[in-house]
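Letters A, B and C name the chains as they come in the text, with residue numbers starting at 1 for each one.
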Amino acid sequence: MGVRHINPEGLHRSPAFSQAVVVEQPAKTIYIGGQNGVDADGKVVGPTVGEQARQIFRNLATLLESEGATLANIVHWRIAVVAGHTFDEGVAAFQEAWNRNDPPPAITVHSVAGLGPGFLVELDAVAVV
Amino acid sequence: MGVRHINPEGLHRSPAFSQAVVVEQPAKTIYIGGQNGVDADGKVVGPTVGEQARQIFRNLATLLESEGATLANIVHWRIAVVAGHTFDEGVAAFQEAWNRNDPPPAITVHSVAGLGPGFLVELDAVAVV
Amino acid sequence: MGVRHINPEGLHRSPAFSQAVVVEQPAKTIYIGGQNGVDADGKVVGPTVGEQARQIFRNLATLLESEGATLANIVHWRIAVVAGHTFDEGVAAFQEAWNRNDPPPAITVHSVAGLGPGFLVELDAVAVV
């Protein structure tokens, strides 16, 4: 596996994301479907972005561990937050879950009109091991 | 090609989607752009989510067949439905088109403010052969 | 690297996009996070879709050049425009930036409720070299 997080000269640099992530083969790619703040029974864990985001990071960790990976293996994630809610609590959840020594993934963030019933935030991802 | 659909212990399990799909190389990857309910002339086939979704699944089948693949090769799809419409008819179209013996893809669903003119639903996908 | 842009018989054909792009291995994949109309200091370059889209294409070019690639290496891009704005100026910016002799990428376009502060348009992409 060869994975490089790039932030070339001339582009804005942020500790919160990488501008792009380059994957050289051979590699194992994990396509992670939209994760929501639900427990193992599919029940929404709470009515706030913060609670749901923390559960999403737990679910991601569970998924990735089952493939011998961690959050650090995510190369791109896409976050959707329901309009009228900010992602501030989601950022806080990310900061709790993420090891700051790892280069962050590429990121896309949309405010959307809606998600599934009770969901305020959804996160899908591509991970590479 | 090695493709595994995973639903690890501790995550909600649903017949409608897989939590993630793992792709081991070598594999051929097909990036499918946003498909809409349009015919071969680009004309919208009808004013309902159901009609448009059925056409989308026909278009997907056409695309995949041209690469020796089927719907079962999709590893992740992302569905966008225009706000104010439910995806219920889209789910019905999926159930008609999908072979229940195949493990379902990872999925992301957003309700969005809008799509191209006349479009109520859009579906893009990554498939692996 | 083997990359083929496909538009099979029976699907609508447009000069603006390919229906799908097929990637045969080995290939290097670049996951490009949501790009916005910001300069190297992260400052939004202007209050119109056109200005922001032109900056996005410049940023994409910078990113891709740092990996020995060009816009032509993009296989799929996903565009989000804030509701109430059309993407017409974005299309014009694309036409300025894109070499018409290259087969266009697969595309997904959503009108979303919102993006980060000051952003009217966001574009993420997968490129293959």
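List of remarks:
Basically, contacts are C-beta pairs under 8 Å (C-beta built on N, C-alpha and C of every residue); 3 or more make two chains touch, one makes a residue touch a chain.
These numbers were taken from a predicted model, which means no experiment stands behind them.
When the CA atoms of chain B are superposed on chain C, the rotation angle comes to 120 degrees, reported as a multiple of 5.
Residues touching across the chain A-chain B interface largely differ between the two copies, under half of the numbers being common to both. Centre-to-centre spacing of chain A and chain B amounts to 21 Å, using the average Cα coordinate of each chain. The multi-chain contact residues of chain C, meaning those touching 2 or more other chains, are 25-26, 78, 110, 112-113.
Those residues of chain A that touch chain C in the complex are listed here as 6, 8-12, 14, 17-26, 75-76, 78, 83, 105-113, 126. Every residue of chain C that touches chain A in the complex is listed here, in rising order: 25-35, 38-42, 59, 62-63, 65-67, 78, 80, 110, 112-116, 122, 124.
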